[in-house]
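Chain lettering (A, B and C) follows the sequence in which the chains are written, and residue indices restart at 1 in each chain.
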Amino acid sequence: MPEAPPSPIMLAPPRARRQGLPPLVLFAVGWLGLMLGVALLANVVSPYAYTALDLRNRLSPPIGFGGTTAHWLGTDELGRDVLSRLIHSIRMSLLIAFGATLIGAVVGTTLGLLAAQFRGLVEQAVLALVDFSASLPFLILALAVLAFFGNSLTLFVCLLGLHAWERYARIARGLAISAGAQGYAAAVRQLGASAWRVQLRHVLPNIASTLIVSMTLAFPEIILLESGLSFLGLGVQPPATSLGSMVGYGREYLSRAPWILLSPAAVIVLTTLSVSALGDWLRDRLDPSLD
Amino acid sequence: MSEAPLLEARGLLRRYGMRRGLLGRPVEVRAVDGVSLSLHRGRTLGLVGESGCGKSTTGRLVLGLEPSDGGGVAWEGRPMPPPGTPAWRALRARMQMVFQDPLGALDRRLPIGAQVAEPLAIHGLPGSRDRVAELLRDVGLRPDQAARYPHELSGGQRQRAVLARALATAPALLVCDEPISALDVSIQAQVMNLLTELQARHGMAMLFISHDLRAVRQVSHRVAVMYLGRIVEAGKPDAVLQDPAHPYARALVSAIPHPGRRQARILLPGDPPNPADRPAGCAFHPRCPMAVALCAREAPALKPRPGDGRLVACHLAQGDATLPKAA
Amino acid sequence: MLRFLASRLLRALLTIGMVVTFAFVVLRLSGDPAQIIMGSEAPPEAVAAFRASWGLDQPLWVQYLRYFLAILEGDLGRSMRDGRPALDLVVERIPATLALTLPALLIKLGLGIPAGVTAALHRNSAIDRAVMLLAVAGFTMPSFVLGLLLVLVFAVQLGWLPSGGQEGWRHAILPVVTLGIGGAAALARFTRSAMLEVLGQPYIRTASAKGVPWRAVVSRHALPNAAIPTVTIIGFMVGSLIAGAVVVESVFSWPGVGRLLVVAVANRDLAVVQAILLLVAATMVTANVLVDLLYGALDPRLRAAPKGVR
């Protein structure tokens, strides 16, 4: 069944392809570079510790709105520096999104290749699991697991990792089966190669570009999920902070200090936008067959 | 031929289930229906027939790539192990295949050299750079082409690379499945010559599968003509081509364009053969210009013809039935 | 067709069965229910008595069977907070959620599909670009950010609308708009690409080349074919009518199923979570079956192809 996948976001007309990077992609690359740099150098670039209190400067507005240069983006209700918290939140959210995307890709691809390799019962089991994942909105499933198991960062990352696994499984299975039916995989098998050799050395490298494109499409979805769950107070738990949890806690001060939630909200929107744009552009270039 | 055959196939059978329409009853299709053949060291058997006659399936059955639904294959007198088993995989070093589409048979992401070295790695043989270079030279490629990717080579060069990979483990049997039909005509002859040359040098047995009678004649020591999953005639290439005994073989031969000889081409009436709808009796009788009543009733067996001993499956050729006078 | 229907229903039942099994497994993995409910300080005899009374001393498969049977009878356990049947708690919240999701669905369909079709028909025009820009913004903006922005503008700054609660229809406006805009963006994008794909097909070119008026080409050939993939995503939206507003209900303190779920998860009220899980799965699976049947009606080719094989 055609699932409801993240459909293409048509940003730039395909014509722009030959004339270097389209402006949106350039912006996306720049923004993501900035985010990566910030995440890697979080401890160096943040002006304060993200938990440090400045009780004399509580709810201080950002610079330009009556704030001081001591706190460029203002402070929250406990006088914690919003910029420092933002920087650490970026690190946390990116870390979770990277980890979860990788887990999803590895789990999904492995199951898909297994299904293609063994067919029969294994394949039926994987397909049943795919059906199962498709039958529940992932947010509900994630909430249920969090309710049953409580919350820890490891569990949270693994859980989000299951978000798009069925997509990779479907892609890997389909491509591996078509590769095995004719062509290079069959040729290598008749050379006497073991199943693992065929799958890992030949099939996997051949389908890697498709999988990588799927990863760039799943990445923003995971950021949105993470921030949504953290916003609900069910994701990243204090004292740790993420973009979503900053918005969630800042919500209490929406009328008095909107800057607490506006800056992380803007980062979420810009980051998902950038990754989506980059993913679409990559898909157009690498793999026109993927939808 | 006194020497024991390298590979002997007896009564190979391959059935496929096919469903017609949504609620159709499954129909059994016999792609290969009782084919027997033997392959000898240093000799080539040519297998000819139209597309869909089961010749490629026969090649796969002979190699044990698919299990036979009946009969069996013996390799050096011992039965072929089931596909996928370690014994089967080890045996791959001894028998190799060359494919119709060399680009499809090569991994686009690996340079030629790595792919030629692969069977050596698989079977635990030393795969040095020199060995790869030697293999490439053996098939007429330059050693520096080892670094090339498949799409950087021409069609003929790709087929040479596939050959080099197939020859890496010095196999005793090479099955060539339409090895030249995807190539340009100018390249076809080169590859054919290469095949004969390599056989002369390494002395392996070959099963050469093609729809092209002339190509088969050029490389083969024996030919077998297939029609709808069965061998209908077999013999020495010159004999079969000069004087085909089976009406189908005769039609095939007459279709070869021949400068100088002006002979009427035998046009076969009726539909092309459909394995799912196999006629009773001799499968060829609906299209046969000489069919008699017996042909529709009884399937002729492949047996030596009285006189010269040519193997042919035809009531008329065997003299079991005679052509009515007013034809 | 009958075969198709039967196999589809069988798969649906199998999926529901898997959700039930999932809930059971996760419930057992998450710890000893007796310990969780009685507390860690309960005397061992009391815990043992509790186990016996709930059948927890039975072999696992007996427990599983009982669990399954209980669910078939509609017994989904009791809320650990107020002891009421979990199913009742969930069901009485459904109207509040539907009060948001049904109008939002109308917005999605009424806004998203025409926008997507218009954009596709005027590809690369200013309209197309504007629609796609809005659609991308709608997709990349999480619903809680959009909701809070709306609150900031219309409740805090302008003071036109209430920021939360459920006293009257005015309270529903912001959450409905938040839900509707996000969904409409997704639907517009999806409809546009489905439409573009269809418009590129040879039969469309043939139809217009042989002189069929363009309006007729679009309405008779393009739209029905583009509807096929679009139906899937609409089915998904219908399936999530009950659970599609988790985040938005939280933003606007709207007492619906989603709010109940978040509170239940925070309190680890397992019976309620599980009841919602099963209810949502049942809704989704039903919607999926309907979508597949609709597919069969729209595209005769799909009736023959089994779902898993693509």
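In this text, a residue touches a chain if its C-beta (ideal position, glycine included) is under 8 Å from a C-beta of that chain, and two chains touch if they have at least 3 such contacts.
Chain by chain, the UniProt names read as follows: B = Peptide ABC transporter ATP-binding protein; C = ABC transporter permease.
Since this is a predicted model, take the numbers as computed values, not measurements.
Participant: Hey, which chain ends up farthest from chain B, C-alpha centres compared?
Facilitator: Relative to chain B, the chain whose C-alpha centre sits farthest away is C.
Participant: Work out per-chain C-alpha centres and flag the one nearest the whole-protein C-alpha centre.
Facilitator: Minimum centroid-to-centroid distance belongs to A.
Participant: In whole angstrom, how far does the Cα centroid of chain B sit from the Cα centroid of chain C?
Facilitator: 57
Participant: Taking each chain's centre as its mean C-alpha position, how far apart are chain A and chain B in Å?
Facilitator: That pair's centroid distance is 52 Å.
Participant: Counting only Cα atoms for the centres, state how far chain A is from chain C in Å.
Facilitator: For chain A versus chain C, the centre distance works out to 21 Å.
Participant: Tell me, which parts of chain C touch chain A in their complex?
Facilitator: Chain C reaches chain A through residues 11, 14-15, 18-19, 22-23, 26-27, 29-30, 124, 132, 135-137, 139-145, 148-149, 151-152, 156, 163, 186, 189-190, 192-193, 229, 232-233, 236, 239-240, 243-244, 246-247, 250-251, 261-262, 264-266, 268-270, 273-274, 276-277, 280-281, 284-285, 288, 292, 307-308, 310.
Participant: Under the stated contact criterion, what part of chain B meets chain A in this complex?
Facilitator: Touching chain A from chain B are residues 63, 65, 84, 89-93, 96-97, 99, 101, 104-110, 118-119, 122-123, 162, 165.
Participant: For chain A, which residues count as touching chain B in their complex?
Facilitator: Residues 182-184, 187-188, 190-195, 197, 202, 205-206.
Participant: Which chain A residues qualify as touching chain C in the complex?
Facilitator: 1-4, 7-11, 13, 127-129, 131-132, 134-137, 139-141, 143-150, 174, 220, 224, 227-228, 231-234, 244, 247-248, 251, 254-255, 258, 261, 265, 268-269, 272-273, 276, 291
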